[in-house]
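In what follows, chain A forms one complex with chain B and a second complex with chain C.
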Partner chain A sequence: MEEKKKKRIGVYICHCGGNISDYVDVAQVRELAGKDDFVVVAKDVMFACADSNQKDMVADIKEQGLDAIVVASCSPKLHLHTFRNVALRAGLNQYQYVQVNVREQCSWPHHDDRKLATGKAAGLVEAGIRRVMGAESHETIRVSAARSVLIVGAGVAGMRAAISLASIGNEVVLVEKAAEPGGKLAGRKDLFPGDVSGESIVQDLAARVRATPNIKLFCGATVSGVCGSMGQFQVKVNVGGQPAEDLEFTVGAVLIATGFDPYKPEPGEYSMGSPGVIPIGEFVKLVESGSGELMHQGRRVRSVGFIYCVGMRQTKGKNKYCSRVCCSGAIQASLSMHRRYPGVQAYHFYRDIRAYGKQEVMYTESSKAGDVYFMFTEKEPPVVTADGSGAVIKVKDSLTKKQEVEVPVDLVVLVTGMVPQADSGAIAASFKVPIGADGFFNEIHPKLRPVETVINGVFLGGSCQGPKNVTETLSSALAASAKINAVIGKGVIDLDPVIARVDSSKCVWCGKCAAVCEYGALVEMERDGRNFAIVDEPSCVGCGVCAPVCPTNAIELACFTDAEIEGMIDGFALDQNINITETAAAEESAAPSVTMKEYPAQWHMILEAMKDGPISIPDIAKASGLDASLVTRHVMTMNRYRVAEPAGLDDSEQYYLYQQKS
Partner chain B sequence: MAKIDPTLAGKLKKYGAKDFPACYNCGNCTAVCSLTAKDANYPRIFLRYGSLGMKDEILSAREPWLCYACGECSAACPRDAGPGDFMAAARKFAIAHHEPTGLTRLLFTNSPFAVVFTVLLAVVMGTFMMMVSDRVDPDNVLKRWIFDHLSFSVIHDMGMVIFTFMGLSALLGMILMGRRLFAGMPKLENPRKAIVSAIHNVRAELLTMRRYRKCQDDEEPYFKDRKWPFQPWFVHWSIMWGFIGLLFATILDFLLKDPATTTWWPSRILGTVAGIAMMWGATLAIIYRIKGVARQYRNSTLADWALLGALFAAGLTGFWMEVAVMAHLENDLNAAIFIIHTIVSMELVLLFAFSKFAHAVYRPLALFNYFLRQK
Partner chain C sequence: MQKLTSSPKILVFSTEKISDPGIDQAGLRKIHYSPSVYVISVPCSAGIKPKWIMHAFAQGFDGVFIAADGHECSYTPKCSELTNELIEHSQKLMQAKGIDPKRIRMAAICSVCAEQFASHMANFTRILVELNGKAE
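Moving on, here comes the complex of A and B:
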């Protein structure tokens, strides 16, 4: 992509209304830039981003036939796109524009040294000029996107997402490894909150899935192969059966909705394995299977002890997190038990009750119904002894001054939380999505990008991301559906051209780049008996990590090519003669110099002067013996840090008074 | 190792505890109670004992007796568990538990029984008094029937037996309660000094309601700017001292035999002053309860009404008689009033130990124990 070097460049130095020009000698920077042979236009302007200036720039480009522009102003975070659009409007490629940040990098940090600030600005501007000389033109990369989605897991998350994606015109391949869809909710009756049963939610969703022609549901199936990238994933689905068969699909995006596994208590953990000790999942089934008299293994159950946080919130162990549904789940199970089997006494042994949100109401209801709650600490968990004839739970109750109490019960229920689904590791490996320290799939950011993974085109929904109740599961599944449709809905995907490229003639396929790329964007290719790396464009995010590891220097990142970077270095290294004018220099030496070390002492002197009430800056200067301009600077800073505050005008209405902030 | 008894909660509710198992141990009630000691946990911990069924912890505790039912805690409770009501119930529960005949338990927990019992007692006493009265014709069938079958001395002895029995069971209850309170008492370094100081503290407490006066419920505006005679602590003070004064006056009158002679007898003056005090307190308390002016007056049990009603009736009829005696008005109405006065007073005295009234003994006992244990 060799392009000829630019020879007609326009340079604009911005004052930023004084923000820059107060500390950087803008005129001199402009002058120095103008000396460059290839700079045709050099201007300093009050506000570069102002509409009027933008118009002037467009006119300059057109009238002077400029082939590239540089603006020395604020951060590109603020105005990169503003000036790229100026270039575009004037008929230039938008990448023929370089922004130099002389505000955050020069005037603001070096406000105490005009000469250095100006010198640095001049260097950076020169670097920008050299960079733009070697800049390449780019167009957005457009790839086609299959309007179909692979959803792994047909729990409530997977099914809900399938229905919503299908309803807006996407094909859905829904792969479920169990014989029936529904996940953990299948067959469940009483759920919190509300009165809709798990069973009916699952039946409703499954019926809608089956009735939707553009959803293909495969049960007893697994994903057996994945390649390709966003817009064009090639996936193989093993649909089981006799003989097992692999079907192939091309999908634009993937949603992982593989859910969770319930924590399995270790044998012996709270006497797990002894008769009369069961995990909550089993208890819920027992309760929901009947009514009247609660029986377990042929014995009548008159009292139940729930032990919370089993396997969860281990400060030393593996599962450090809280599963957030189990408190509510256990309370719900207890209430459900009371409704179906009146008269059974419930005891709850908890560390903290986290019946958050509306579930608090259930907690109140359960207490009022006479459920007794005991609180224990992680260090002193309850001790369960169980023989076939019943169990005893011994606990040091934190709520009763750690009195040891002994509670005989007929059934011990271990309230277990959620752990990552057993296949998570394998799924993570095939889609190259990362797994967190807790074993659940990791989104990019829990708040800012909660359903996206670092792999473009691969999304997360439901409890595979971490503990979630049904409401939260469905919210995230629907969020992921919306995100997916936003990506593939148009049938094409526009990509930022700032990505890596491999010069295949230089590459010797050592594999180092592929090893460091977290996004799996570097893939091996074979052509004419030669193996080399290529960049899978939709996967690359342009992080640049691969470029420096390549031993043959075969990789370059668009907009950051060697030519551009070397040009910047040359430009910055250029010897420039900075001349700070007499007045500016005099001004500078007049300003009293002070080192950071002296600040605390001087602030104390100023606060001392403010002690007797509001006082003006000249009076503080008099009282403290400090220079008035120094006092001004300090008081302004003190005001900003809320140490001092203005307190109106003085009697002569000439000066502001300041006082210590209470 | 403590054992759990989830049935206790239901029993306590019968004594007037509200939905206390709803308590989730946040401790707000302890934080707002003006009377709870520095590192004490009450009232919260007692609701806890109630939920777990730790009966002994409740029965042997002094703390319920330190509470004056101001209700601040109940107002602060986020779960509406009624900690203040619980403390009152715990006191009634303790009174009933220690009284050996079981009569108290029935009176507190079975309202129909309580009504029937007190009314029946009143009717029996009333009939009997009517029969001995000169106003009833000696040939009256009932009168003849009673006295033909029972000699006066048998009736008298029967009365004495009943009084003694009631008195003894009351005494026994107090001893049982005392024994529990003083069980596990650490050995005092200087017992004499400690006892003297504890007695002094109890006396000061009873005379000045020092602790009660600390109860200030900021959320109840009603008492905010009221003068001291209208404050709850003074209402309580005047009922208590009024009643004690009247009791003394009656005893003095009894010892001096001829009660109705002159108004200027010291016992008569004492009676009048004490009566006014008691009437002041009882009247205000009844008004406060009817109007429900503040949290502590809003939840009244039958036991509360019965005690207040009896005190009020005794006071009112007492003053009526005072006037009637001064004006030498002897007629049927005044005789009836006299009988009512006697019935109510007798019931008050007879049922003293079997009613909420017993707290007049238990509280000082518990306070004494509390001060004794204080460093």
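Moving on, here comes the complex of A and C:
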């Protein structure tokens, strides 16, 4: 068999810019891999997925005549296709590529023990090498995809996606649990930025949804059952009524657009529950309901105090994130109040103002309108006392060296952010989509695959994924629509050729495999007076359930053959024979080092930017005036030389922060 | 055999779509579990061959853990039943070789089970340490 021949293998071990190399001695792992007889190329690289490295890999494959490649990096969920494409570009069969997860399953969970993490990484790489040795070449297989989509949630995200998907020829089933579509923007008037009201956006979208024949909108409805997989999901929709009725649909893909819930302040939090203390949602409704004199519960309101970040950015609590929209939402509400009720004074009690992008203009406008801003810290939040005849907000103002200020106001507005939608847990369970530590739905990767989930065919749109304003909500809904159409638009999907096969010479036709196959994919054949099983390939979904029941081990599942799985086990076993103790310690002490004098001039500029604590690469670039890509390269090298180190993600979970190494 | 650590070596069979994301999530959140845990992904837990399990024991693994989809399996409603059958079958093969049947375990691990996975690993490690102690 062609596959059994000895292969020339290339192994690439990724630093992931420190995510792996900070906890695993990658040079050691590369060295150990290089000792393998079949490994012709062994390299450790800063970012395996970088274009430059991909080009090098293509060159290696061609120049060194490689038959197979192994990349030890992040989870295959992220980059399997990236590197399969590298193989394809180099003229190699894409199944001659194995990805080994040394990040999510090694450097990160074992970050507390460099020696053991390195030992495990070596074992994982060896397993990858052995697996690829047993790998066979395959072509992808095609399944038909229903050109229809289930969208859960008819807020602006769900409706916008529905219109977009329908306009390019897909059927859409749009399911909304409320009586009317629109979500949080229904009935809203003044929105930032610009002067389009929430109401008009919702009415316009809802009218277009209702006028589109290939969108079926069900309000007061929920999803009551899901089975099947990408291309052919069978979904049940409970459309209410007496008795409640379930409708069934076959859809090729699913978009989750279930939105968020506003954070509900705890009773007593900033005197929540006392008269004259209300959350921002209620305040916005109050402001938008009229003009002239602002009244609340029969009392005239002449001054308003906004307290920001309520329930958000809790260093110790559950909601560690920033809700992004609430600063701008509060400033917008204040401006809207000035327009409708001239003469009301606004005071803002904030931790940081995150009126990013064009929203900054509103911030300036509000200051010009005479709004007064006080800054507080998380440790010393304002104290609110309210007794029905008015309220007092006491704060230590950080802007004036923590001078204590007492501000009497008629109304206290708690600027609350966004929390995960109440039944997102149930939705997660029915679609098997993971939820992050913050409780919002998790995408595969925030930068690389921001609208896809680990479940093939299930996508995310809008604020169900994390705090988003309308612009961001619609961008993500449209991105998800484009992704969905790319998957189902051709009516066929190319899938991994993971299907079963029967070795007819071993089969004794006992029928056990056929009895367990849910898909009727195992059929009896007769040839030369012998009966045996064969696999009807289009029916086989590749579960592999038939393989363990075969008494003669006649069945193998492609990509999960005995050679591949047992090869991996052999690889894992091998690392035990490697004594890495001394070498690793030696290596560690021999880690590259430089003295201050030797630092390149730009390192000093970067260190200067880091002097106030952890900072992201874009911020270093801004502070130092250096080009961001140059900063990236310097910071990676500084990390390697132990001059700087990663310090976790920033609040928005968008950027890694870096700090001076102590 | 030279061992890197005395911690028992565990082979985890995990399902690609449901359990793998849970295990990855544990890593992403830097939740610690033993570095002697190695994971092989398979489409469905009911597709694990007892032959592979026996191969792991022959290669020096102390325990085999099956991270299954349980009732969540999208392939077959009989997933739990079939996985149990292959475990029982493996246990017979293990007993014939003098391997304690407690060295194989199964639990449902889904894409949100990061903490659960880590605590299963801690428990199983403890059980295996005890069994290894008895064996000596």
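Assume the second predicted complex is superposed on the first by the 361 of 662 C-alpha atoms of A that agree within 3 Å, B and C clash if a C-alpha of one lies under 4 Å from a C-alpha of the other, contacts with A are read in each partner's own complex, and residues count from 1 in each chain.
Criterion: contacts are C-beta pairs under 8 Å (C-beta built on N, C-alpha and C of every residue); 3 or more make two chains touch, one makes a residue touch a chain.
Please read all numbers here as calculations on a predicted model, not as lab measurements.
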First, second, both or neither for A:T637, with chain B first and chain C second: neither
Touched partner set for A:Y347, first chain B, second chain C, both or neither: first
Which of chain B and chain C A:Q64 touches, first, second, both or neither: neither
First (chain B), second (chain C), both or neither touched by A:N553: second
Touching partner for A:S144 - first (chain B), second (chain C), both, neither: neither
Partner chain(s) touched by A:I565 [first = chain B, second = chain C, both, neither]: second
More chain A residues in contact [chain B versus chain C]: C
Contacts of A:E104 with chain B and chain C, given as first, second, both or neither: second
Partner chain in contact with A:T377 - chain B first, chain C second, else both or neither: neither
On chain A, positions contacted by chain B and by chain C: none
Of chain A, residues touching chain B in the complex: 345, 347, 353, 363-364, 367-368, 370-373, 375, 394, 397, 399-401, 403-407
Chain B - residues contacting chain A, complex: 1-4, 6, 9-10, 19, 21-25, 41, 45, 48-49, 51-52, 54, 79
Contacting residues of chain C [partner chain A, same complex]: 1-5, 9, 11, 17-18, 20-33, 35-36, 38-40, 42-44, 46-52, 55-56, 59-61, 72, 74-79, 82, 85-86, 89, 110-112, 118
Partner chain C, residues of chain A touching it in the complex: 75, 77, 101, 103-106, 108-113, 115-117, 119-120, 123-124, 127, 227-229, 428, 432-435, 437, 442, 454-456, 498, 516, 518, 541-549, 553, 557, 560, 562, 565-566, 568-570, 572-573, 575-580
